[in-house]
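Chains: A, B and C, in written order; residue numbering restarts at 1 for each.
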Amino acid sequence: MSISPEIVLSVRNLSVSYLAKRGRVRAVNNVSFDLRKGETLALIGESGCGKSTLNLALIRQLPITGSIDSGQILYTRPDGQTVDVVSMRKEALRQFLWADCAMVFQGALNSLNPVLRVRDLVYDTAKAHRLNKAEARRRAFELFQKVRLDPARVFNAYPHELSGGMRQRVLLALALLLRPQIVIMDEPTTAVDILTQRSILDVIEQLKAEFGFSVIFISHDLAVAAEIADTVATMYAGEIIEIGPVDEVFYRSRHAYSLALLNAAPRLSTGQEELLSIPGSPPDLIEPPTGCKFHPRCAFAVEVCKTTPPPLIMPEPGHRVACHETDRVMAHNNRKITT
Amino acid sequence: MTSIPTPRPVAAAPRRSPGQVLRRLWDSYSFRVLIQSLVTIWAVTTFTFVLIRLMPGNPIQIRIDQLMNRGLTFEEAEQQAANLFDFDPDAPILEQYVDYIGKLARGDLGNSILGGGTPVNSIILEFLPWTLFSVGLGLLLSFLLGTLLGVIIAYRRGGFLDNFITTVSSILYGIPDYVIALLLILVVGVQLQWFQVGQMRGAYNPAIEPGFTLEFIASIFQHAILPVGTYILSTTGSWVLAMKSSTLSTLGEDFITVAKARGLSETRILSAYVGRNALLPLVTRLAISIGFVVSGSVIVEEFFQYPGLGRRLLRAITERDYTTMQGIFLVISISVVAANALSDLLLGWLDPRVRVGKGRGR
Amino acid sequence: MKRYIALLLAVVMLVGIVPVSAQEAPEGTWLGTWPYVLPPEHDLGSFTASGLAANLGNVYRSLVEMPFAFYMWSSGEYEPMLASEWGFTEDNTAYRVTINADAMWSDGSPVTSADVLATYSIGRIRGWSQYNYISEVRAIDDKTVEFVFSGEPSLVAERLILKEYIVAAANYGELAARADEIVAAGLTRDSEEWAALASDIGAFKPDVLLASGPYTYTLDTVNDAFMTMQWQPNSIFSGSVQFGEIKLWAGETEVTTPLVLSGELAHSTNVYPANTVTSFESAGINLVTIPRAYGPALLFQHDTYPFNIVEVRQAMAYAINRDENAFLTNGIGASGTVYMSGILDDMVTLLLDEETVESLNRYEYNLETAAGLMETAGFTLDDEGKWVDAEGNRISVEYKFPAEFADFSGASQNAIDQLNAFGFDITARANPWQEVAADIRAGNFQLSVWSWAQGSPFATSQFFGPIQRFNYVGLTDGQIGMNFQMEFEYNGEMVNLQDMINNASTGLDVEAQRERAGDVATIINDLMPFIPLNVMLSVEPMNEAAIAGVPDDSDPIWLNPSGVDHPIIWLILQGTLSDAQ
């Protein structure tokens, strides 16, 4: 797997909010990150942390109550031209979608229109992006083969005639139909069994190697994230609180929340240890806690955490974290790993 | 099944015993639907046959009472009603039933029991087309208009248009059709004089020679405006509301988001992704409505003097015209049963998931 | 040569006809209504269920298929229609009618005795009540017929004869011939041949309507919304009528109401609710008021306690304010019954002698008298003001009424309210009218409402409803109806009320008839077997923007009742009414 230094997507200070009955909910707050060509970025965090909202914002598919308040999503085309997705007009956006940035959603059953055959999904996509039918069919067959499906059968099937794993692979193939630079995968393996999950991950690896696209991978399954990601970003309360190379974040977590998250997950690599759940529940985003938003649940919290939001610091190159107590966390982390 | 393997002729012709043929037939879905439909129709027919005869008052007595209500003396009324009826009210009901079913099997609905008896078949042929035309057109237009508006306001949810149309639909939905018919006549016709009440009656202008001419066809549509308008006003609301809620739940589906994310054009999403899925739950309702098209709307047809089957049924019931009532009820039950079968087929065509288990294996 | 003579003759004959057919159709259209039978059942038969009787009714049929004469209720005289002379023969053994010499069918052929004979041959098969009085009809000459009485001559028979519609032998001759054969062969009603012929008569639908009246029509002019009859030149009245066309809208009250308001319907025979009548008035539409010759009566089921007690029935008659009842429920469309005798108030002075009229108890509204009668019957008021008998039972009964007839149900509901206020405990229940009628016949009711009296100038006929019509004596199949016993002791002697009513109008001696009718009226007035609440009036819109020449309200023609002998028949034929435009 080769990651070029070329940046395809650069998210700058992105903030997204929803209009709720009680007021505005800041679901994504001042998020910035870069995605390089061929890189796989895993976004981890509890449900409700803003990772799915972030992804919907990236493709501008927020529900009607949601809106991007500020920030930029800078996309660099293969020809080197950089555009801001946030300010794209309707038609430009429509062309950007799927051709440049595709998305594989969670819950494969509901992601496919039940009344259309797979071939109609393929042709619809092709037609929307001026790909001729024959070429679309050729590519689809090729991709189905690559995702280990029987192209002739799947092509003419209705979604309900396929198993969950098959549907997920159809979606994957569909995502690659237009050779996008970026594929966003929102929990692509949650709804399938462990064996299917394995094979899907293999397929993703293989396709990545072949087509060289970048991936934004959303998962709360840390094992999967650890396996597939180059870079990991932990989100909490709409913010990226730690981002860095996979080994850095997973084995040298510097944020109390990342650590807690890792401890809460069963680890295949280290065998069954005691599972530590994170006490409390995700914060209210309308009236978030002062200081570090994690402090009410944090085992390492000290007085300063309650009053001052921690700044984003870079303890290692490429590893940024927003925590007042990085050292204590780090120490704890190491001890755990070595046992 | 375990059995001792015995040498068998390899090329045994697939001869089927009559039993097997029947079994295969029974296994066929459409055959089963057909048999079930026939049994249903027979049961309904028998039920109405008995029910009709349990209604208080026999036709002769009722004719006399009716004439006396118009001010005739009993002698005059009795004189007029005498020998008018081709039917013996004292004949055993079983005898009447056997006679009826026997004729029915030959497609003969009998004669109207009122003197000299016009065949019920020809009565139905005279009135049915107008009902099919007016109620059918009303249903079609209200369905199209209702679903269209429903989709639009679902898209514009919460906006002025949504609030306005939803309110109007809810109000219209709550008003019975005959009230709308009355309002049309008394307010628009009599008060505002936008049309001549009498000129709009009947199915067409009798001064125009019936034929395939533009003038005649225009006259047919002109005369259908009031009943069809009433049906549209009274039923569109329910389609709007049903379509709105169905569309809203479809819009929340993941595959809509995916379709948008795929950069599909809005028209394509609207038709094949939102529209088609949102329509599915309405298909059954539509089929049920189609089934009741035939019976027409009794009171609306009466108010507008539109020559539909409903208006004729009303008279048959008032006069206890047993055979005509039976004939019309038979047509109604056939159409309801047929519409239900149609709804199955239509749903199967629109929704591939329904087709499973009906012969098309996985 | 012969040929030429024949041709010449033909030309002469044609010329002879010309003056008649050259007559121009008058202009103008009559805008009326009748609930005629819609196509495809509508036919032109005179004896079919969907023929002239149903399609034109007693109002418009006379304009097409005329009877001998028209009865004037104000004078009790007949006016000529098809006949020019009529009367009992000198020996009173027959009734003789001479057909108008100019009377012709619409095809130009004369109306002759043969037509009358054919009509009555068919009538015999159909069991006409004329045959209760006559044995045969014979032609004296081409234009004169005699109806031979089988027993006593009768004024009732006279009316039946003069009011019967005469049909054309050209259409009905074959059926009449078959009828004559059957009768000649001595066959009776219960023979198969008789029944088969009766059924054929009921099914016979002539292709062409032969009209003796000034209007005729074909099936082409009958459609779903209206039918039109065209003027034809060959009738005696063709020269006098002022309308070239009679347009009849289909439908009943609810359907004709908007047409009256929009001015598309000038005259209507429908019964409109009081508030509709008010809206006609405020729309400036003239109304004419004519008797309907019947009204609502409270019917008792006489097996129901305490309606079997005469004082209770009398008390109820006193306890209802009938004027208030009539006015509140039907406005100008009804008036409270005055004489309570079973005879229409208008006719009391004509059909009863003065002495009897004076002696009739008018049951003028009087709660004290009513209470006195209740006490006589053994009832006392409880602390809630309800009447209870010696055992403490209230008068808790059910009252069934037809939901559809607004005029009847309104009046009777009001009466029930008044009775409950007086101390009864009556619960009302509305049912479809067909069901109520069936229940009344079966005796399956306690208290109900139906009409009393009928549109006939004879006492027998007026007494008929409901005391015979809905009583065991007039019902078949063991139905008991009101079950009011018709044979009982009255003033110390046994009377048979059934026979008394049947004999009330027999013979030609009007004085004797008054006396016999008086006896019946006195008994009904005393025993109150039913309570005649009020007499209905037909309030009919007569839009003078469309119709000219409407006689004013004082004209005696307006005394003719609506159901039979409707005034407009005569007013149209005489040319009194014309198109205002």
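Convention: a residue touches a chain if its C-beta (ideal position, glycine included) is under 8 Å from a C-beta of that chain, and two chains touch if they have at least 3 such contacts.
Only a predicted model underlies this, so the values are computations on that prediction, with no experimental measurement involved.
Novice: Would you kindly say which chain has the C-alpha centre located farthest from the C-alpha centre of chain C?
Specialist: So the chain farthest away from chain C turns out to be A.
Novice: When you average C-alpha coordinates per chain, which one falls nearest the overall C-alpha average? Tell me, please.
Specialist: B
Novice: Could you give the separation in Å between the centres of chain A and chain B, each centre being the mean of its C-alpha atoms?
Specialist: 54
Novice: Just curious, how far off is chain C from chain A if you go by their C-alpha centres, in Å?
Specialist: Here the centre of chain C sits 92 Å away from the centre of chain A.
Novice: Could you state the distance in Å from the CA-based centre of chain B to that of chain C?
Specialist: 41
Novice: Which residues does chain B have that touch at least 2 chains other than itself?
Specialist: In chain B, nothing touches at least two other chains.
Novice: Name, in rising order, each residue of chain B that touches chain A in their complex.
Specialist: 157, 253-255, 257-265, 268, 272-273, 276-277, 280, 350-353, 356, 362
Novice: Within their complex, state which residues of chain B touch chain C.
Specialist: 55-57, 61-63, 65, 68-76, 78-80, 82-86, 112, 114-118, 122-123, 126, 185-186, 189-190, 193, 196-199, 201-203, 206, 302-303, 305-307, 312, 318, 320
Novice: Under the definition above, what is the set of chain A residues touching chain B in their complex?
Specialist: 56, 59, 61, 64, 93-99, 102-103, 105, 107, 110-117, 120, 124-125, 127-129, 158, 160-161, 171, 174
Novice: Write out the stretch or stretches of chain C touching chain B in their complex.
Specialist: Where chain C meets chain B, its residues are 38-41, 43, 45, 47-51, 53, 57-58, 125-129, 160, 198-199, 201-205, 221, 223-226, 249-251, 254-255, 258-259, 261-262, 264-265, 292-294, 405, 432-435, 437-439, 441, 451, 454-456, 461, 464-465, 469, 538, 561-564.
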